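Two complexes are shown next, each including chain A; its partner changes from chain B in the first to chain C in the second.
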Partner chain A sequence: MLDHILSILIFFPALAAVFGFAVNKNSIRSYGVAVATIEFVLALWLWFAFDSNVSGMQFMEHIPLVKTFGINYIVGVDGISLFIIILSAFFTMIGIASLGEIKDIKNMIVTLLFLQMTMAGVFAALDAIVFYLFWELSLVPMLYIIGAWGGPLRIYASVKFFLYTFTGSLVMLVGMLFMAYFYYQATGEWSFAILDWYRLILPESFQLWLFAAFFMGFAIKVPMFPFHTWLPYAHGQAPTIGSVILAAILLKMGTYAFIRFSLPLFPDASVYFMYPIAVLAIIMIIYTAMVAYAQKDIKQVVAYSSVSHMGVIILGTFALNVEGITGSIFLMIAHGVVSGALFFLVGVIYDRRHTKYMSEFGGLASVMPRYATIFGIMLMASVGLPLTINFVGEFLSLLGFYKQSHILTLLAGTAIIVGAIYMLAAYKKMFFGVITKEENRNLPDVNKRELIALIPLTIITIWLGVYPKVLLGPINTSVEAVVGMMHEKSLTQEAKSRIPNVTKDVEVVTNLAENPAENSQEEAH
Partner chain B sequence: MELFLYTALFSPLVGSLFAAFFGASKKTKIAGIVPSALLGISLISSFILLISVLTTKETVHVEMMTWMAAGDLYIPFGFVVDQVSVTMMMVVTLVSTVVHVYAIGYMDHDKGFNRFFSYLSAFVFSMMVLVMSDNFAGLFIGWEGVGLCSWLLIGFWYHKESATWAANEAFIMNRIADLGMLIGIFLVYWNTGTLQYEQAFAAMPSLEIDVLTWIGIFLFIGAMGKSAQFPLHTWLADAMEGPTPVSALIHAATMVTAGVYLVVRASPLYDLIPSVGLFIASLGAFVALFAASMALVNRDMKRVIAYSTLSQLGYMFAAAGLGAYWVALFHLMAHAFFKALLFLGAGNVMHAMDSELDPFKMGGLRKVMKGTFVMMTLASVALAGIFPLAGFFSKDLILEVAFVENHYIIYSVLLFTAGLTAFYSFRLVALIFHGEERYKLFGIHPHEAYKFMLIAMSPLLLLAIIAGSFKMTYFEMVTQLLPATEYHVHSSLTYWIMTIGTQLFVGLAILYAYKKYTSRDIKVPDGTSKMENSFGYKLLINQYYIPRFYEEYIVKAYRELSDIFWTKIDQKIVDATVDGIANVFYQTGERTRVMQSGNLSTMLKWMVAGTVTLLSLAVAFGLAARYSGEIKTFLSGLGV
Partner chain C sequence: MLSPVNVSIESLNLMTLVPMLIPIVGALLIIVIDLFKSEQDKSLYVMLSLLILGVDFVALMESAGIFKQNGTIMGVFDVMLIDGLAILSQFIIVGASLLFIPLALTHKRFHEFSYPEFFALFLFMIAGFQFMVATDNLILIFVGLETASLALYTLIAMHNRDKSFEAAVKYFTMGALAAGFYSFGSMVFYALTGSVEINKIAEVLAANNYADIGFVLVGVVFLLASFGFKLSMVPFHTWTPDVYEGSSAALAGYMSIVPKIAAFVVAMRLFEFLIHSGVVWLEVILYMGVVMTMTMANVWALVQTDVKRMLAYSSISHAGFVMAAILIGTTQSNSALFLYWILFSFTNLGSFSMLWISRQKNLPAHQQSDHSYDKFSGMVKTSPVAASIMGLFMLSLAGLPPFALFWGKLYMISSAVTGGYTVLALIMALNSAIAGYYYLKLIVYMFMKDPIVQNNGHVYVANATLPLKTIIGIAAMGTIFAFLAVNQLLEFVTVFVYNSGY
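For the complex of A and B:
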């Protein structure tokens, strides 16, 4: 069973979702929880069986789909993807378990299970076409969640979300086709397998174009400034569970893809574009943090804060050294946990008051002390207090990028200031002061169903903040391999010096690409 | 010894969690007693460690577990008990034990009693992490931890707008400085390859002076935030919104001295960059004077003491900057005792006066509050630096350092400030305890605090009196680690003139304050007197207009800029562009819909037009392909 665990992880929830249609409406909730729990246990088993000393792919499966064009069903995990897969199973589980009273609960649970399939698929896929399929499929359930359960502007928001990200992905698809074509030119064989692509050394000029094509797809997904405007609408209109999954997992597809595709495939282009991207990341950090500060709606604050934090992740990724990339992957997990929890928390108050305007609250700390405490812990995690999960990621990301640029890191470091400003201001507006609105006087504190989601998230937030080593170990091993490969593959002097040489136990990458490699050699000299 | 180390470190955490356990339930005495007792245990353990360090001269160093490891970075949870950290541990645990016991009485009637002790003990734990860590990252954990607890405690009475505002201000301002600290840490890592103190400091002498200077500057920026040095000082006075025990513990004795501790801890670094040291010393001297001047006129008892704290921190930085690390640390210790005592005394007065803070509305309280009166007077004498109390030994030493090191400007500023210190301290004592009983006008019936609160304060009183006598023992201990420079004025005549002169100067300042503020003519100022309308007074009472400047030009500007970013740029430009592009497609579709009107003759026309276009394009391309060679030469001729 362990040989096929990844396929099981991917297709079990989808299969269960299909059967879910036949389940009685009254028992669908227990059914959903049961399926999601099994999925999560499987994910934990994957972790347990995972060998953290191996840097390469594990549990690989290989089924040919279209032989002529080298399209195969290939899946596998390494330290980079492992924890995001576990996190997605985890969020699906607590998301379903803590679902409130909503209409069409059956459809919601079926949709969530289907969504879980696409998420597991994206992070496990090692074939570009399969990756692309899951990547695009993940839009469908989300479109449905926003469009069917969303707020008043749901149609606009969901269409915007779909079209915007879809447009970016199409450019990415073109990039993938070109990549496969270059592979064909170099080797005489078609292949969409990422691991095959890793062995291809492209001349810098090709890299730049392909990098840009992939960038369009990833950047919109992250979302990077200035492609971020779909996100506030999507979050603003989506129901709680939609926002949670979107922030916690779906956004990570973009940053994950940067590490899976852009860095190892185009090391020289990554170095070439490092500064422009870092500048974008810094704009994301500061600008969106300021926009977050101007918001009146607490959900929008959290939504914009997401963009701001994603900026730090991007920065860590483009540190191009082990510290930074490890930090950025850790921060993906951390941000997933924390922003997911924050969206849950916003949902708690929305369920009670049916408004998200901060001016409607004030003084909540005295009526809902438990809620205020958990919100406070998540607030502190969000501003990156040490011994919370976010700090580890932020610290490592910024530390890594410091090697590349002092000034830019100093600017990006303002994240810890601007982040504190909007979060503390929001917390003050909601929880401090005296109660002014009559409706707030008798609000019930968090209930058991909500605690099902919030307590595990709180525990993880502190546990991984104190003991991040469990995650950092496997991540570090795989990242070292990636960085080693990037250093080996890079052609320009600039790239060689920017990407550190960490060849400890990394296998030397063989040069399969004859013609382009020769071209590039000439260019390099 | 490891056992004592862990006990000293973790018993405050246990106490905090214990009190947190009762957080949401009704006030219960046990939530205060248990954390206090646990702190007592921490104090005893620290004391045992102190004795051990004193007698064996050996330090205790443990590595509990790995925290972070990525790439070449390796950060453990490591703790060290050496001569410097054990001094800090003693100060922290001693003052916090006193404050905890005191707070059981002080917070007696507060609804948030349990919560208060949870926060307070959490603070002690963070502070212990800060001083005991053996690496910069661990220091940073404690650094941010105390910041968090400070935020929680300043904003403890969260229904008060001013309190929560002050809490956020403190946190954000500290964050600004923390960025500097963080950058300093990054610099240390990328240049020495480690964050462990020992290895990092060992590697520093071989680094370039530029790099060292940057490290020194950035780390000091961190220190400036926590120790509220100019221009990041405004939060400290506002932090007085917190309960008074908090002010005593956090904003006088321990947290605000963290910056001084950092500079002392990084003494191997600052020894290599004397120019940065001189800057630190100058800034310290400036802040000493600057803060003391604001304390002269302030009409809020706690704020006066807060400015005094700020001023004394300036003294410490002046000493540390001049390389006299042991002197700075000594003053830190002595100051912790008498300043905490002063604050706790002020707390008693506040309780007696129904939370009134204006000393002009008090007067004559010595009759009803004998114990508090004696304690606050002695604390003020110690603060003023009168022989033989603690302040004399520590503060005069700083003056001597400045003199011996030939920094006469710093010396004179500090000397002058010593006079101001004596003046404002006794202005306060005179206004509160002497003169007419002005409080009667306001119908207040003051009463002395609980006996046990006074008893709890007595260890601080004792130490404020005798701390000076530990000087030599202390010197011998810390100089195992810190540079053992003794500062002696060469000619003994100069020495005596200096010492007696200082004492006389300070004494006169005290007498003047007494004379001025015990007189029967003191009235509650109502803004009409000549002095209150003078420029100097207005400047000082408005804190040099700095808070207003920050509010007008930074806070407001930030808010307005944020609004512009959101409403103008994000919505009107970035998002509108996206929608605009989408609209182009949509509108194109809308417009061209008429082509598909179903009217056969219109559609035929369009069909013909389409065919013509296609054909002409085909011809054009065909020609272009045939004559491509010519076109190319033609274009290259044009320089394309």
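For the complex of A and C:
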């Protein structure tokens, strides 16, 4: 069974969703929780069986899909993707478990299970077309979640979300087809397998164009400035569960794809674009932090702060060294946990008051002490307080980029201060002072169902903040392999010096730089 | 003094005519039955047509087997040309017809199906299309084209609504103009080369090195215009939405598939040698035509308020997308054309059938047209299965993986990449994104809005009967599980296209 555990992880929720149509409306919640729990246990089992000393892919499966055209169903997991898969299963589980009273709950749970399939698929896929398939398919459930359960502008928000991402991904698809074509030219065979592509060394000019094509798809998904405009709408209109999954998992697809595709496939282009992207990331960090400060709506504050932290992830990724990339992957997990939790918390107060305006609140700490405590912990984590989960990731990401540029890192560091300002200001407005609105006087504190989601998230936040090594170990092993490969594959002097040489024991077989068109294939690895 | 003609029957290769003769004989049979005993139920004719088309399909499989062994076969004084293209396109023509004809078995009574002539004309039309694709003789192409078109005009008019008459007359007028262009273009080529066979024309033109390029261009212009009409390329597309709106949804779906594949094959035979022989001007014109057809049709589709008109514009856009294959002109792109069109027939016929089963006899007060978007709002609440299936077809048309049309798009864009048309590949990709919006619009109406009038959902399946549901089921299955069949299809198509020298 372990040989097929990834396929089970991907298709079990989909099958369960199909069966879910037949489950009675009154029992669907228990059904959803049961299925999601099994899925999560399977994901934990994957972690348990995972060998963290191996840097390459594990649990690989290989089924030909369109043989003539080199499309295969290939899945596998390494340290980079393992924890995001577990996180997605975890969020589906607590998301369904803590689902409030909403209309059409059956449709919602079935949709969430489908969504879980696509999320597991994206992070496990090792074939570009299969990756693209799940990547695109993930839009549909989210479109439905936002469009059917969202706020008043839900249709605009959901269509904008869909079209933005769809457009970007189509450009990316053209890039993938080019990549496959170059592989075909080099080897005479079509292949969309990422591991095959890793062996291909492209001349720098090709890399730049392909990098740009892939960048369109990924940057919109992340979303990077200036493609971020869909996200505040999507978050603003989405129901709580939609925002949680969107922030915790779906956005990670973009940053994950940078590490899986852009960096190892185009090391020279990554170096070439390092500064422009870093500048974009810093604009994203500072600008969205300032925008967050100006918001009146607590959900928008959380949404913009989420974008801001995504900027740090991008910065860490484009540090192009082990510390930065490891930090950015860790920060993906951390950001998922923390911003997911914050969206849950916003949902809690929204369910009670049906407003998200901070001016409507004030003095909540005395009415809802447990709520205020958890909110406080998550807020501290979001700000990046040491011994919380975010700190580890942010620190490593910034440390990594510090090796590339001191000034830019310093600028990014200031954003953490801005982050503290808007977060603390929001907290003050909502929780401190005297109660000004009568309606707030008798609000019930967090109930049991909500605690199901919040308690585990709080525990993770502190546990991984204190002892991050459980995650950092496997991540580090895989990242070292990626960075080592990038160093080997890079052609320009600039890239060789920017990307550190971490693997000493791998012999390099490249005299191909002079003659890349004919035999741009590398034997090593 | 005429010398005695001495032709042996074997050299005529009359077997090449069998696939076309089967529907003709079948059509005559239907007329004869009506002659002896009229006032029969439509189900008789539907089933008879199905059987005849089934036999036709088997005959095609046989000729496919022969082609695989012996390669291209000429027959009947070398007029018939049974190559891979002919066989593949006939498979699509007959296959789509097999899926179409049971759609006549509606729950409500539509009067065109009570005439046996409808089915006879339908079979004649299929024979016409089959002739059209199975020859490279310009005259026989013309005969096939006109047989098919005249039958089709009548089929549209038989729907017996004011709009249908308008549609038929419009289609007839435009078709007549196209036929005029076609005959004029062929005449120019005949005058230049003394032959009406495309391969001979190509030979003669190549032999004298395109000395009369001016006349060649005149001929090309006329042929291009005539095929522009048939394929509804912008700016010759204006008839399409009106005709689709006027004819029944089922027939509109049929028209978006079968006449076009026939025209594509002829265009492929005709234009590819011209493009590849250095008539650069034609390449530019075709490039512009492809881009304009894709983009403009998409933009027009954005603003439609009626789903059927939207689908009409969308099928124009798809035709433009596929026309790119002829521009690119590699084996991969030509295979992509057939792959795309096979997958497209499932999806598009499915979505038009969904409109067909929701067809009302009379329009309710709040509705402007038969299939306005409003009609579908909140459909998921009243008729969830139908809404899901319709949504599935829309996602497939938008090119979302893993549904059928994605694979066609993937292969088609890849052929543009491989053929060196990078910009075209990007334009094709971005057009898919534009198209995403209007397909999404219907999904938004169905899944995210509330019903305008409280109804019990019956309206969406008012016309459904078991045969119709079966057809939709087949189309839906084909759309979902396409990824399992793509490999076989691709291998099959590529072998046939490659062995015909395209």
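Note that in this section the second predicted complex is superposed on the first by the 504 of 525 C-alpha atoms of A that agree within 3 Å, B and C clash if a C-alpha of one lies under 4 Å from a C-alpha of the other, contacts with A are read in each partner's own complex, and residues count from 1 in each chain.
Here is the rule we use: a contact is a pair of C-beta atoms (placed from the backbone, for glycine too) under 8 Å apart; a residue touches a chain by one contact, two chains touch by 3 or more.
Just so you know, these numbers come straight off a predicted model, no measurement behind them.
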Is A:Leu163 in contact with chain B, with chain C, with both, or with neither (first, second, both, neither)? both
Once chain A of both complexes is superposed, is A:Ser306 in touch with chain B (first), chain C (second), both, or neither? neither
With the two structures laid over each other on chain A, which partner does A:Gly433 touch: chain B (first), chain C (second), both, or neither? first
Looking at A:Ser81 after the superposition, I want to know if it touches chain B, chain C, both of them or none. Which is it: first, second, both, neither? neither
Who does A:Thr414 touch here: chain B (first), chain C (second), both, or neither? first
Tell me the contact category for A:Thr461 with respect to chain B and chain C: first, second, both or neither. neither
In the overlaid three-chain picture, which partner chain does A:Ser328 touch, first (chain B) or second (chain C), both, or neither? neither
Which chain A residues are contacted by chain C in one complex and by chain B in the other? 163
Partner chain A, residues of chain C touching it in the complex: 395, 398, 400-402, 406-407, 410-411, 413-414, 417-418, 422, 425-426, 429-430, 432-433, 436-437, 440-441, 443-444, 447-449, 483, 486-487, 490-491, 494
What residues of chain A sit close enough to touch chain B in their complex? 160, 163-164, 225-226, 228-230, 287, 290-291, 293-295, 321-323, 326-327, 363, 365-366, 369-370, 373, 380, 383, 385-387, 391-392, 395-396, 398-400, 402-403, 406, 409-410, 413-414, 416-417, 420-421, 424-425, 428, 431-434, 466-469, 472-473, 475-476, 479-480, 502
Show which residues of chain A lie in contact with chain C when the two form their complex. 64-69, 129, 132-133, 136-137, 139-140, 143-144, 147-148, 154-155, 158-159, 162-163, 166-167, 170-171, 173-174, 177-178, 180-181, 184
Chain B - residues contacting chain A, complex: 23-24, 65-73, 137, 140-141, 144-145, 148, 151, 155, 158-159, 161, 164-165, 168, 171-172, 175-176, 178-179, 182-183, 185-187, 189-190, 558-559, 561-563, 565-567, 569-570, 574-575, 577-578, 582
